[in-house]
Each structure stands twice: as structure tokens, then as C-alpha cells.
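Below you'll find the structures, each written out as C-alpha cells.
Note that chain A is present in both complexes that follow, paired respectively with chain B and with chain C.
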Partner chain A sequence: MSILVYALHYEGEFNKNSLGAVSEGAKLAKELGGEAAAVVVGGDDLTDELCASLGGYGASKVYRVKGPEGLAQPVVDAMAKVIADEGFKYALFGGGLLGFEIGAGLTARLNAGVTMEVTAVKVQDGGLVAERPILQDSAIVDVGYVGEPGIIIGRLNAFDATESGDGAAEVVDVDVQLEDHSTKAVMVTRGEQRGADVNIEDADILVAGGRGLGKAEGFDLCESLAEALGGAVAATRAVVDAGWYPYAAQIGQTGKTVAPKLYLAAGISGAIQHKVGMQSAENIVAINKDANAPIFEFSDLGIVGDLNKILPKLTDAVKAKKG
Partner chain B sequence: MKICVLVKEVPDAAVEKRMDQGSKRLDRSGETTLNQFDTHAIEAAMQIREGGKADVEEIVAVTMAPADAGRTLNKAVALGADRSVHLTDESLAGSDVCATGYALAKVLESESPDLVLLGQQSADGECYTIGAVVADHLKMPSLTQVIKLDVEGAGLRCERQAEYGYDTVDVELPAVISVGDAINEPRYPSLKAIMGAKKKQRDTKGTGDVGIEADRVGAEGSRTQVLAINPPAEKAAGEIIEDEDTNETVERILAWLDERKLIG
Partner chain C sequence: MSTAPVEFPPPVDSAKEFVAAPEDPEDERIEVGVAIVGGGPAGLACAIRLTQLLAEDESLMESLGEVPVALVEKGKSPGSHLLSGAMMHPSAMKKLFPDVAEGDWPTYGTVDTDAVYLLPNAKRAVPLKPTPPPFRNHGNHVTSVAQLGRWLSGHAEEAGVYILGETAAAKLLVDGGRVVGVRSGDKGRGREGEELSNFEPGSELIAQATVLCEGTQGHLTGAAIRRFGIGSEDPQQWELGVKEIWEVEQPLDRVIHTMGWPLRFGARYREFGGSFIYPMGEDRISMGLVAGLDYRDARFSVHDTLQLLKGHPLVAELIEGGKRVGWGAKTIPSGGYWARPRQLWAPGVAICGDGAGMVNVPTLKGVHYAMHAGMFAAEAIVERLKAGAGCQDLSNYARKVEGSEIEKDTYRSRNMRQPFTKGFFVGGAIANMMEISGGRLPGGRWATHDDATVDVFIGPERDYPKPDGKTTFDKLSSVFATGNATRDDAPNHIRIQDRVPLEVALMWQNMCPAAVYEVPEEELDAARANGNGKLDGKHEVTMQITPSNCIQCGAITAKGGRLTPPEGGDGPNYQAT
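Coming up: the complex of A and B.
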């Protein structure tokens, strides 16, 4: 076997980024002349049928391990055991928080090389080389591995989930004795939705607000403009964590991925974690008072100025134009 | 309770960060400073101390950095650490995440902390991973990107945003926790704290002092290799408007949107 992929699931469904990683792993394994397998960790909702469905994305085998969900360290134990028993050349993760933590834990456990935020993987000289953008995406490094396994952690949305047309994967139950320290973090509540349930994924136009709005009330400006344009309001992680706006409106790493016709970013600096959730928007307009904000590197129209002055006038102008 | 805070020296925000094509490492010449994300970890330690739910005997800033990292450690001490530990050795240069995490774990082991705190990412490497690497070496439970941290009995109650919303997790001590920048607003150090920082104890340690195996660190001991550094795909630069007359700016935005049929 050549590539082991971690597949995250929640409430009976696999994560989209995990399915992308399974597809990518299967594609790369084929190029290496091997096969890809997946590891899943959880409780009774990991049915035979659900696990076997990963075969449809190219996994030939699925190792099913009983363990707590939503925490990284039990998965590190599970993957370390499967790698030790079966031998894998690479471990692969889709974008997201848990993949980073599990990949990092495995690095320590197996004294293995790790690359994170990977946007593409290629086969070179019989091995895998990971492409990783660095320094605010101003350069891309090609990273190769010394020894086995090599650990590859994808950036959010780096790998597309594609159905391979293959049949069901073989499901193998594996008993894993968890390390002591892996039992010392206990989930109290998981997946709490904070704030109103809003829908931003279907909107053609999004007006997004970040820390540059200054305070929670700053979102009033975004809401007025969004209403005038006939769109919805989105937010960055920083302001969602600060409680200014609902989690359901969050773009990026642990939030939503959107591709609207227009994405108007107000007071958003443009950190990579945000960029990965919205860079597929057709038109990106950014308003920021800092001329050096990274968002101007990938916006189609950038306005360097005070959003408190610009947004109200823009709202009025849009309303007037629409009559 | 003894808290160790991992801190990192990074290029100052005003310095244009670039890779050195020869060594294939980050060019670390120019002004350096304390990683902004780590100031939130020091503040979190201070708030545990001041919160009264745990008796914090000591807060120790720990770094692995070149020999001249004194200013960064002084800044960490000025923000609240009682003393600092500086792991420095030429053999550590070029260490990747695997090697760096191992070396940091060894120096932390020599301090036997009850809690290790660190910022969720560094402003230069942005790897997000060191906390989880260190935790596995130390065999401690770990969470990263924590935005709320409370002492509850003999452990911690932590909150963070994960793939499906906010998670609340109870963690037993000793533990390794990386914190997000939403966790607190770091205080400004007083002039007295800044002046006093230089007088606080600083222990400088080499790899041999903490039992680091030489073949597991540095470029030689690393498990990844940078094979090439390439420019990103060219993207046409966007149009930029400097807002001087807001009425005119708004007209230009409106025309731009209208041209693309974005105003229905």
C-alpha cells in the first residue's frame, strides 16, 4: 500500500475535504503503482455502508477504528498503528483543523517529515513532492521527503472530491489501544452553532466584513449595502470568534467556501485562511484603509480608504441606480 | 502550576520576507521581533495567574533561536514571563517542523511544566503544527487554536472553532495548548517591566544540555527537503483606487460594478 488518508466524518457524512484527499490519494497512489486506503475513527455511525462508500472515491481499503470523535490524538494512535502494521509510504490529509493536528502528531510519533498548506502534489523520481505556497503566497516551495512515511496536509479545498467509479472498499476493523495522553482530552460539546443560521452559500453577491469594521455595529453598514445589492453578508473568522457575527456566515478554514459573482470585502486584511474560502469568487472588490493589506494582491478592484465613509455612500448610490 | 510559553523570533512586519535561493531557507537578516501570536499565549498565562483559580508559581518563556534573540526574549519577559530559556546551537539551524518540535520538546522536558502555551501560528512559517508535535513527544493531551481557556478543577476547559462549529473540550494537565488571537487582547508592557526585563534570569542552553540527539536536528536531521522555490502563477494585478474624493470613488465603484452587470 502506498498512501493512507484520514477521512473525517460528522453525523453520518464524510467531510468534503476528506473526500478530496481520498480522491487525490487514489490518483497519486495509482501513479506510484500502489493503492490508497483510508482510516476512519468514531462510533456506531461508521456503518459498513458508509465506510465502504469511500471506495467510490478510489480507496481500496478502509480501516475502521473505534474511538472518540472530533479529537486528533486518538486518530494519531490509529494511524500510527495502521502504518506500523501495513506499511505506508505517505499519509495524506485534506484541509481543516483536525488534519493539521493529526498530521503534526504523526510527525512526532514516526519521526516523519511534514508539509502543510499543500496546494498540489506531484510524482517525481518515484516519490511524492508537495507544493506549498509560503510567505503570503509570494513563493511556492517544492518539498520532498527523507525517509518514510511522508506526511502531506492539504490546504482547504486543495483537492477535489471526484467519484472514481470504483466499487465498495473493503472495510477492516482494527483494534487500537489508545495512548494514555490520548484519553485526557474529552469532548464536552461539539459543533455548537453560535448566532443565527444564515445562508451565504447560495448568494450571488456577498458583502463580507472583517476586523476593520471596528465593532459589531459596523456590520450594519455591510447589511445595508448587501440589502441594496440584493446579496447576503459574510464574515471573517476573527470577527466571528469575537462574537460580532454568526458562525454560519463565516468564510474560510473552518467556515464556508463560497464562489459568488461578487465578493465585496470591507475591512478584511486577506489572510490566507480567509482567502482559501473565497478566492473562486468571479469578482473581488476590497475596501481597506491599509494600502499594504494582502487582500489587494488578489482583488480585482481595490479601494484604499475609510469604509465608514465609503460604504454608506455606495449603498445610497446603488439604491439610487436601482431606482 | 508552572507554565512554559513557547515564543518565536520572527522577521519584523516591516521587513519584506524572502527566501534565500542558496540555502533555501528564510532570509533572517534584518529587524526581528516577538511573534505577535505568541503575545496572546503570554497574556493567557498572565490571566490564569491573575484569575485566582490556579496558583501559578512561574511563567517561563522558552525559545529556540539564533544566539542574538535576546531582544525577543526580553519582550516576552516584559509582557509577563518571570524568566526565559534560550535554546541555541548552530547545529539547530535549518531544522524542519519535525526536528524543531523534537528539540523544543526536549528543552520543555527539562523544565517539567504543568502547562505549555503557544500562539497558534508563527508570522513567518505559518505552520500551525508545532504545538501538536511537541505534545506527542511529551505525551500530553493537546488542542490547537483555542479561543477560550478556563481553569476547572485540576484541568482546563477549552473552546475552539473546528470543522463543524464550536467545540468545548476538557483537558487534563499537564497539557499543550495553542491559542488563537481571539482569546485575549495582550496588554502593553509598563515602562518598569520593559526596564526590568533585562535583569530577569535567562538560561542559555545548547543541544547537549537537554539531551538532544544531534542526528535528529538541523538540516541533516530534518525529514523534509526544500527542492525548489518557484514564483506563484501570475495573476493580473487589480485596479486600485485611492479614496480622495469619496463621491468620485463611489461613482467609479458603481461604474465598475455596472460594467460587469453586478447591479441588477
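Coming up: the complex of A and C.
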């Protein structure tokens, strides 16, 4: 076996970043001539069917461990045991705070080498080499591993989830004795930080609003359009700062990094601090009344005009098209 | 309409907020020998000199406890907040490191050729020959102070200095009429000052002597000068410098200074300053524009004026095909000799470097004075400790400064900056006369003035270039290039009145190189409606402030506000400035 991936689940579904990591692990393992397996930790909601579904993303085996879900240390215990028993050469994480915490914990536990914020991984001379941006993303370094295992922690949304596998994965139950310190933390509540119910990182379509909306009520227009398109609403730092929208929806340097299929930027000027959070979106559509706004320099489609007129018309048109 | 920003003073009570008696229980205090505030050239030279002197006297070293020398630095590491031109005079490095060859210094070496140009307009450049004496830089080293700071801090740590990075010195601790140390700033507070889950209160550093080396606009330096009444009757003045580092295709073979365009010559605008362009090795240049903060036009922006300068053929040729790799901004004390604190020490504390105004304005020198002053402070403190006298009286530090080149050089140019309030040509003529006469003519004491007392007005629309992201840049992408990623919910560390006349608001917006202050579009629309399409200052506006953009240049303190140190570690992370 060559690559072990941690897959996070919540309410009967795997996290999009975890699925990305499984897909990436499977692809790389194939190139290395090995296989990728996944570790899942949780309770009874980890059904045989749910675990086996990771096979659809290329995992050959899924190690199922009973334990508290959503906490880092129990997963460190589980992965350390699986790696010790089965001898994996690499551990791969899809990013996110939990992935960072587990990856760091596992690194310390196994005295391993680690690379964080990885944006791509390649096979070179029979091993994996991680690409990691440095100096505010102005340069990329290649990081190879001299010892085993090598820990690779991806940047959020660095790896795409692609269904590629050959059906169901083999599910293996593993009994792991949790360390004393791993059971000290207890999950109190689980959910999006600061009470927001949007999960913008997983959305395929995002309608993002900026200061150009003029006032907090301007977000009503974004919400209607997002609802019609079946997407979610995101926001810039400036409007979160002004209290128009919750922090959980903030995109950019000090917010979240997203890569949806469609990013519709309404009234967003496109400062670099915002751009770094959304530049990997597949399609960027910008609406702004200022033709000189920097966002037009990196959008696929730009509309210069009044949001208050364009957004409602767009919403109506989408609704009409969808019937 | 014109208004002086000083009419809208910042809501600050320095004596109450920034000076306190120690209050932590004794077992929680951190006891050190000497506490140094600020990891710049002054603080690090002071720390290194202390370790050199203490190494010669083991029993004295032991008497100072486990931590003989501690240095607090608010940046991520020493160097993160350092920015200067700079052409460094070699005397201080030679004194501090007699065994290190000049070729091994962390500098870009010396440059043999000087060139000074007067730019009459956007097209022409008139070389001034022979090079005016203040601009002769033979023997001086092209230096990045950010890199110098990192190198010095490596030496300091090796010598046993205890460096506390990401730590702001928030309060001066005064007990029984003498300074007994500093209190570090709290960490993990929310926007309203509330304690977040990662809250960590500050700690008290108790020291036998405290050395304030905070650089320009020193936070505790200002508090100490007020508390002990040791300021000059002449107020300190500042200039704002914005600089960029460029990777270029052709190596630059000379040190260039320019005067004139894009600054305006008229006395009405009071735009005093110039630009510098220095080679940094074979493939980089450092360039910047410096302007006095006693300017008057609310539309004047040093950052955008630097963007304009890059369009001048003289400069455009140098950077053609190149790439901007760094940016930053900082104020420079420019009040000179008269504006320096009347007394450079108070019981238990010494003040060094830029915070004490140790800058020679005409020659654009300050780094080596800062280092000398730091070393003098170290020597004075060790003398006192050796005598068993305690550091209540540090007048011996002041005497060392007075007998040195710091005093001699700044006295010679003591009146050179002030005449420029009369405009470029008259001011230039008077300054020339001073230079030729070695500072004797015209004699007397030319008063300085507080930058914030100069009234500002809204001048005509400026023709700053639209940023293209290749040769010209907007403020926000420039802030990004500094590595600043301050969390958004940190408390606001900038004290200003946020409702002010439009000309003051616009002045702050344009002054700030980091886009911290903004007059909202709707306020501008309302002002235009009030003034029949014209903008004037009868209208009061409420500003939008984004403190997380702040790169702590200090201009706001000169122009009517008050910068305080944010949480340690916040702000820029300069690499080569």
C-alpha cells in the first residue's frame, strides 16, 4: 500500500475536500504502482455502504475506526496504528483546519516530514513531490521526502473530487486503543463558525457581494439570484466588516478560499486580497459600475452596469429558463 | 475652506493610557537586567554592545540575573517593520564589529558614482554638477535595514540577548518617579476589546534600565517625553517615504537623487522632498519618494506621486522590463537638531535613534546615528551599574551623544529643513547658503512647526496614473506585497476622530499609503451636492477605517491622529526594504 488518506464525514456525507484528497491519493498511488486507502473515524453512521462509496473515488480499502468524530487526536491514533500495521509511505489530507491539526499531530507522533498548504503533488523518481507556494504565493517550491512516512497537507480545495474508481471499496474494521490524552476533548457542538448556515467552500455556484451593493439590504438581491441558480452567497471583507453579512461567508486573504464552477462577483472591485481567495474559480463573472475595477482584468465575463437593475433581471431570467 | 487637523485631536489620554505603575504580583513579573524596546538598528546595537561589555565583567553580568538583556520587538521578527533608503555611513558598524570585514557586512557595498537631478517637469532631467555635498555618498553602504535588522538580531541572539518577537511594548512602567520597565500588549482581543478564546494578557518586564529604541513615532517614547516633560519647545516634524524594490534587467551603476517634479514647486503646496534610487547588487534597485508631512493639499498622496515618478523617462528607463518585488512606507523624523528632545534621558530610561529625532535631514542619514546612540546608551548603563549607582541618572548617555558626530552633524544642518516652508526655490537658496557656510549662515534658531497645525485645503484634481499592476500599483496590492495579513477582528489601534471636515478626511485618505482611511462614496456625493458639484470642507463626513491594512508608517500621528501599537506580530513583514 502506498498512500493513506483521511476522510471526514458529517451527517452521512463525506466532505468535499476529503473526497478530493481520496481522488488525488488514488491517482498518485496508481502512478506509483500502489494503492490508496482511506481512514474514517466515527460512530454508527459510518455504514458499510457509506464507507464503501469511497471506492467510487479510487480508494481500494477503507479502515473504519470507532471513535469520536470531528476531533483530531483520535484520528491521529487511528492513522498512526494503520500506518504502523500496514506500512504506508504517505499520508494525504485535503486541507481545512481539522486536516491541518491531524496532519501536524501525526507528524509529531511519527517524527515524520510534513508539507503544508500544498497546491499540487507529482510523482518523481518513484516518490511523491509536493508543490508548496511561498512568499505570498509569488513562488512555488518542490518538497521531496527523505524519510517515511511523508505527510502532505493540501490547501483547501487544492484537489478536485473525481469519480474514477471501480465501485465499492473493501471495508476493514480496525480496533484502535485511543490514547488517554486523545479522549480529553469532547465535541460540544458541530457547525459552521459564528452561527452561519452557509457552506461556501462546497458550493458549485457562488454569488458574492461587495461594497458596490450599497447597503446590507443589497444582499437580498444576491440571495434571490443564488437561490434561483442553486448556489450560495459569499461576501468580501469590506461588507463583513461593515456588518452586512456574516464572517463565515467571507472570501479572501483573511477569509475562505473557494473554487466553485461559477463565481459571480456583484459590486466587488477585485483587490488582490479578495482575488487570492477566488482566483481558482472556473468561471468568473463580474458586475460592477466602475469599468476600471481591477476585477475585470481577471474575469471571464464582465458587465459594467447597475447591480440594482441587472441582478433582479438575471434572477428572473434564470427562473424563467429553469421553468 | 482650509482646516488644520490639530483642531480634531485624537481621543487619547497619554498619561493615563500609556503610563502605569507595575501591578502584576511580584512572582508574575519578568525580571531582566536591561529592557530594550524595539529591534531596529538602535535597539540591536544597544543589545550587542551590552553583551560585549558584560562579557568583560562576569560578576556584573551575574548580578543582572537570568536575563541580563531583553529586547521586545512588535514585528514578526526584528526586520519585519524596518524600512529605510538607505545609504548607511560605515562608522557605527566599524565600531560595533571591529573584527568583521566590510565586505562581510549584510549590505550591498559602496557605490562610487553619485548623480543628482532636478526634474523641472515630467520629461526633462537636469543634472546638478558638481554633486551637492549632502548627496555625496562615497564610502557609504547601500543597505536594506530589514536585512540589517535580521543580521544584527542573529548576532544579538548568539551573544545571549533574549529577543521577544511579536511583542508590543504597550505601557511604560513608572514607579516612584522613575521608569522601571514596560508592559507588553495583550493578545487575542476582539474588535470591541473583548477577550477572545485565545486571549493572553500582557506581562510586565521589570528592568534596572530601559532603553527606548522604537524608531520614528515611538509609542512609549512619546509617552515618556510627555510624562517627564523632556520635549523640545520646537515640535518634531516628519516626512513620509514610500519605497519599492525592483528586479531589473540592467544593473544600476550610480546612486541617484532627484528633486522637483512630481512634487510641486509652489509655496502654497509646501511639497518638500525628493526621490532616491539606489542599486542593490546586480539585479535589484531600491527607489522611493520622500515628502514632508507639512504639505497642504488634501489630494496629495506620496504613494501615487511615486507611481507618477516612475513615468519620468529618467526612471522609466531604469525599470523597463523589470518587476516590482517589494514595497513599504515609513515616516522619518525631520525636525532635526532643534526638535530633538531637550533631554535624551529620564530616570531609568534612555531614548535612542529615530525616536529621539537623530536624523540628519539634508544628507538623509540616520541608521548609523541610531546605532551609535544605542551603543552609547549601553556604555552609559554599564558605567552606572559598575559604579553600583543604579540607572536613575543617565545624563552620562546624553553627554556621550553630545560629544559625538550625532551632535556635530545635526547641529551643522540644524536650520536646513525649515526654510523650505517658503517653497522650493527660496528654501533651496537659503539651504545652499547654509551648506556653503558650514551651517553658520543664516544663524539663529529657525523654529520648526507641528505638521498637524498646517491647515489643509482641497486642491485641484491630481493626474495620478491609473495602476496597471505592472509598473504602477494601487495601495491595496502594495499592502499585500508587504506580507501584511492582520486578522480582521483585531481592535482598532488607530486613534482619530472619525467625523471631520471633508478636507481633513480626504487628506487622511490620500496621505495613507495603505488605504486605511476612506471617505465613503455616498459622503462624497453628499458633499458634491452641498457644494454645487465642488468639493469643499464645509461638509463634515464620517470616515470608513480599515485598521487591518495598516503598515504602521506613522504618518497619521504627524497629521493629527495617534498610532498605537497593534497586537504583536501584526502589520507588515518586510524582507528587503
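To be clear about the criterion, the second predicted complex is superposed on the first by the 194 of 323 C-alpha atoms of A that agree within 3 Å, B and C clash if a C-alpha of one lies under 4 Å from a C-alpha of the other, contacts with A are read in each partner's own complex, and residues count from 1 in each chain.
The criterion applied here is as follows: a contact is a pair of C-beta atoms (placed from the backbone, for glycine too) under 8 Å apart; a residue touches a chain by one contact, two chains touch by 3 or more.
In this text, all values refer to a predicted model and were calculated from it rather than measured experimentally.
Can A:T254 be said to touch chain B (first), chain C (second), both, or neither?
The answer is both, since A:T254 touches chain B and chain C.
Which partner chains sit in contact with A:L262 here, chain B, chain C, both or neither? Use first/second/both/neither.
A:L262: touches chain B, not chain C.
Report for A:V114: first if it touches chain B alone, second if chain C alone, otherwise both or neither.
Once the two structures are laid over each other on A, A:V114 reaches chain B alone.
Examine A:V240 and indicate which partner it touches, taking first as chain B and second as chain C; both and neither are also allowed.
A:V240 sits against chain B and chain C alike.
For chain A, which side has the bigger count of touched residues, chain B or chain C?
More residues of chain A are touched by B.
Intersection of chain A residues contacting chain B with those contacting chain C?
Shared contact residues on chain A: 135, 138, 237-238, 240-241, 247, 254, 272.
Which part of chain B faces chain A closely enough to touch in the complex?
Per the stated touch rule, the residues are 17-19, 24, 26, 96-98, 101-102, 105, 124-137, 139-145, 147, 157, 160-172, 175, 180-182, 216, 222-232, 235, 238-243, 246-247, 249-251, 253-254, 256-258, 260, 262-264.
For chain C, which residues count as touching chain A in their complex?
Going through chain C, the ones touching chain A are 325, 466-467, 469, 474, 476-477, 479-481, 483, 485-489, 546, 548, 575.
Per the contact definition, I'd like the list of chain A residues that touch chain C in the complex.
135-136, 138, 237-238, 240-241, 247, 250, 253-254, 271-273, 292, 294, 297
What does chain A use to touch chain B in their complex?
It comes out as residues 8, 10, 15, 70-73, 76, 96-98, 100-109, 111-117, 124, 129, 133-135, 137-147, 150, 153, 179-182, 184-194, 205, 229-230, 237-238, 240-242, 247, 254, 261-262, 272, 283-285, 291, 296, 298-306, 309-310, 313-314, 317-318, 321-322.
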